[in-house]
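The two complexes that follow have subunit A in common; it is paired with subunit B in the first and with subunit C in the second.
For the complex of A and B:
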């Protein structure tokens, strides 16, 4: 009897252990899931590549009212000036440059590992003091990454400071505006971050991330991966469009082969050239043997870059009504020009090719979106041609 | 409650210059009474019913939990009291002479009781609880233009309430409950990429 009881007890313990193991396994799974969302190799060469940068910038777009939205900063005073047309044009150019600067993407780099680098071991200095000493070079004009920071340990070894100490010392002597010396509660409490994400405060979280963490820190990668994953589920991509985080987001999706939701969103909003760019970016990252370059160059010839478009939008208020005013009016009423229709045709072909290939995961959804867009486009084209004919523009 | 109400209605009858203020104070008291009734109805506590019999409008020893305050801000009682306006818009300070003293009073509540005839917008309504979770209330005290906490010279809060307000706002920002425009960080790409590019060359 006794043995039986003990056996039972043992069994119970085993069961308990099993339970513990199960939870541990599920935890490990979750961790793995997180790990799978990390860059497995250095993404930097691909990200800084000129072509990738161009693609990402084009996908980001440049909506002036979004870039220069009213910010709630302590000083948001405005200046009113009288200007000649030439001066105004110059000012417009500067505005575009400023917008480009505001859209600078946070760098995508690998997680930096802490390496121990001992300068010298001096056992004679052991127990000289019971605390560590940190020496920081605070020479003016040095970059934060170049600054020499060393630590003298209590046992007498002199070594370069670990990354965490470096960050704290840099923040102490050369504070970055907006960065806290402690971790904000938003990033330490998962439920608070989850709440932010559920309320779709993506831009706020990402902005705060850029200020609080360095791009090579593990936290930066984890949190941004979390935000992007949540965004992929809520599909509110438009919130990040024309912000500095759109490029890294698209790069992240392309890297992890989950571009389909973003692609669907782009097709639905009639940003077909962006969809082509996204597909070619993913082809480029995964080295798929599809020649996308000729199509991209064709599209480039037909579509202005975001900066050019923004500049044209600014300059449009200066223009006098030209002789082909009716044609222009038709174009603005429909929202598309002949070039746009041509570009759409090319890009639709490319997108359909992608949907047909094995890389697309949500084929049915994408196909439906493409179909509806095709119908709408056809209607617009007919309307465009009809209007042109009615106004007698076609002859010219 | 009774003497206060009598005073209020007395002043109403006189139609003095600040009769509008008196009206508003009266409506605050009424709204509060409604809120109290709403709050205490489901509780049915013997102590609370006893307190209901002779409520002291100036008593502030009973701490209201934040959850109640959050519910109050969404309730009809709040709506009838303040309408669509902020909690502080209708409040006017009482002072001698043309110009108000630069600072507001130190505190409205002393020894658990309202010690003044014109308590500040937060102290006069005990259902307004300053807490970092009560974002709807905190938002009323943040300027939509500069994102800063409005000055007490504008809102009329007593110094103690103002301090609690600034602390609560800072906590809420830290938790991400209130969004603000994060300062722009410009990246020096060469700091992250520079060395490797040099190696390539």
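For the complex of A and C:
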């Protein structure tokens, strides 16, 4: 008994030591990461670049049932309408536009530094009052960024208001819906934010962050970095797919050279063209001398954009079963068309090239994923061809 | 000691007062101490118990004809002998030959006093109290109907099974329970109970029936079983509401029924509510215009339910797509039904409104609310202008409490 107890005690101590070490290591890691998780130069030109935007939008995808999923709103009424086919087609186009608007990415820009800009120093006005006076131009129609806000200090100096004061005054006179004058508790208490993250409420946190802070604020950068870091650990990337935060997330990983987990997730879910896009983005950001453009253009020719795909999905319910119904049925049963198979082949080559290069960090894991996907794809291709043959559908 | 003194003080006084009072009628020569007055004869011991009780409980002949002395509040004769046995009385004594044997072995038993049972009288009174007046049994709140202990709205269980058809999952609710009269040649005004009840399986199957009987219970049973034989099948939308809004009428009763989203509940007349509950409808709004005759409401509502069309049928009839947009889904258009033929419609064709189509071009009468008398008074205007700056205070307070910034 005694021996047992001693053993247990020893074990406990060991575990304790181990635990302490682990936490220390993870803390150090986190500190390192936090230090490195800042944009060292202005990311805005790269982010707003048309090609980058196209890549990010394609990676985000447009799953209609996710973009238009049921949300908790006070009014859950429904409206039933009669529509002609023409009206319905127009309605579908509008729906796609709406979805695009809902998926607009919050910009990734540099942190704006506060600069003191004194207009005049009037020592004669010294001690005219005990407090500062803030003057705000509330002319109708001005943008918040171009509104003039100045502060008269108690010592008589007249200066442009610092960013924090600007934000507060703007919120006071022109309140933004959803933004609070006081910082929400989840951004002041670390444990509350941690709880949100542990429950994988990434979208909620990011949405609230976007409402509460401007993209050029330091808090916006810190919190979004925290969320993306947590997401990289938990690997629940699918939660953000088809939301407005997927693009910035992918950009963040590409910038900080940690795309492998996201890449693995994309390969596992058979989003190979997205994987190619992610690798290309990373190459683009870090100016790796690999020519990715021809492959991207090849893929573009084979794969429709997310918006086109969503529109086709919407319009498909209007179509009547046509003569090539069997071919369509085979395609829907397998989930892939001939073009998809061709695109997969091109993408796989590019991905393997990446895995073989020095940029990939989790090579074994990625290789395994690619291998399994290849096998599955081969099986699908065989089945597809067999089914086509059996139904006597001509190869186009 | 003091008590004795008190008694002795009272007694002579009492005697004196009686003697004075009775002095005019009775011979006063007798000394007062020997006179014990008592009246031993009254209707209590002159008349038999039946007659006395009749005096309390009977209703006059004219009243009887009108039906008085029946139903609740009826006085009933009490059996005062209940709970009493011969030989056992106020003073518990052993009476040989009455409540005890005369001989026990060789020993003769004598009349003997025993310790008094103090609870005896209390028990008898309690027994009598519980006997006579009819007491309402307390209803469980779940079993209650629309109002008090009245029948309408109450459940009376599933209809009795007929042969092999059993109504296991059914529930019947009373909608109306009233007394009706008819004139008969030889009996004159004859009263009966008329019961309207609705039965349903909470899954789109329901029926209603009226039955009359001289007794309430038989009327309930008859109407319940008849309702079980008149079932109507109704298609429910998502198993919770009606297919579409509709207008329906019976006699002077007009009902506008509206389909509502999940969680809305039943906002309508209590009879319609009860019908919806047995049918399995959970969300609905109904507005009644005109007469609120209960039987007409029930009939109109059932007619409306039966006349509903499916979306496919409407699309086929109008050659238009039916699209549903949900606010919670950001207005995403969902095709509910499409026409079989793709008819080309020109821009000039007027597309009818869906609600207008389903309501049959009827519109609900929206009455203007009459504002209260004080609305434009000076005092109220002052009050409103003073209160304007506090109009957001409640929200701000709530937010502060929620976020505890204080």
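Methods note: the second predicted complex is superposed on the first by the 357 of 396 C-alpha atoms of A that agree within 3 Å, B and C clash if a C-alpha of one lies under 4 Å from a C-alpha of the other, contacts with A are read in each partner's own complex, and residues count from 1 in each chain.
Convention: contacts are C-beta pairs under 8 Å (C-beta built on N, C-alpha and C of every residue); 3 or more make two chains touch, one makes a residue touch a chain.
These numbers were taken from a predicted model, which means no experiment stands behind them.
Engineer: If we overlay the two complexes on their shared chain A, which of subunit B and subunit C does A:216 touch? Say first, second, both or neither.
Structural biologist: first
Engineer: Which partner does A:207 contact after superposing on A: first (subunit B), second (subunit C), both, neither?
Structural biologist: first
Engineer: In the overlay, answer first, second, both or neither for which of subunit B and subunit C A:367 touches.
Structural biologist: neither
Engineer: Just checking: does A:107 make contact with subunit B only, subunit C only, both, or neither of them? Give me first, second, both or neither.
Structural biologist: In the superposition, A:107 touches subunit B alone.
Engineer: Could you say whether A:185 touches subunit B, subunit C, both of them, or neither, answering first, second, both or neither?
Structural biologist: both
Engineer: For A:82, decide between first (touching subunit B), second (touching subunit C), both and neither.
Structural biologist: second
Engineer: Kindly classify A:91 by the partners it touches after superposition: subunit B alone (first), subunit C alone (second), both, or neither?
Structural biologist: So A:91 only meets subunit C here.
Engineer: For A:44, is the partner it touches subunit B (first), subunit C (second), both, or none of the two (neither)?
Structural biologist: Touch status of A:44: first partner only.
Engineer: Which holds for A:318: it touches subunit B only (first), subunit C only (second), both, or neither?
Structural biologist: A:318 sits against subunit C, while subunit B stays out of touch.
Engineer: Is there a shared patch on subunit A that both subunit B and subunit C touch, and which residues make it up?
Structural biologist: Touching subunit B in the first complex and subunit C in the second, residues 71-73, 75-76, 102, 180, 184-185 of subunit A appear in both lists.
Engineer: Would you pull the subunit C residues touching subunit A in the complex into a rising list?
Structural biologist: 244, 260-263, 318, 320-333, 335-336, 338, 342, 345, 349, 351-355, 357, 399, 403-405
Engineer: In their complex, what parts of subunit A are in touch with subunit C?
Structural biologist: Checking each residue of subunit A against subunit C gives 64, 67-73, 75-88, 91-92, 95, 98, 102, 180, 182, 184-185, 317-318, 320.
Engineer: Where on subunit B is subunit A touching in the complex?
Structural biologist: These residues of subunit B touch subunit A: 143-148, 174-177, 179-189, 191-193, 196-197.
Engineer: For the complex, give me every residue of subunit A touching subunit B.
Structural biologist: So the residues of subunit A in touch with subunit B come to 44-45, 48, 71-76, 101-102, 104, 106-107, 109, 143-145, 176-178, 180, 184-186, 189, 192-193, 195-196, 201, 204-205, 207-208, 210-211, 215-216.
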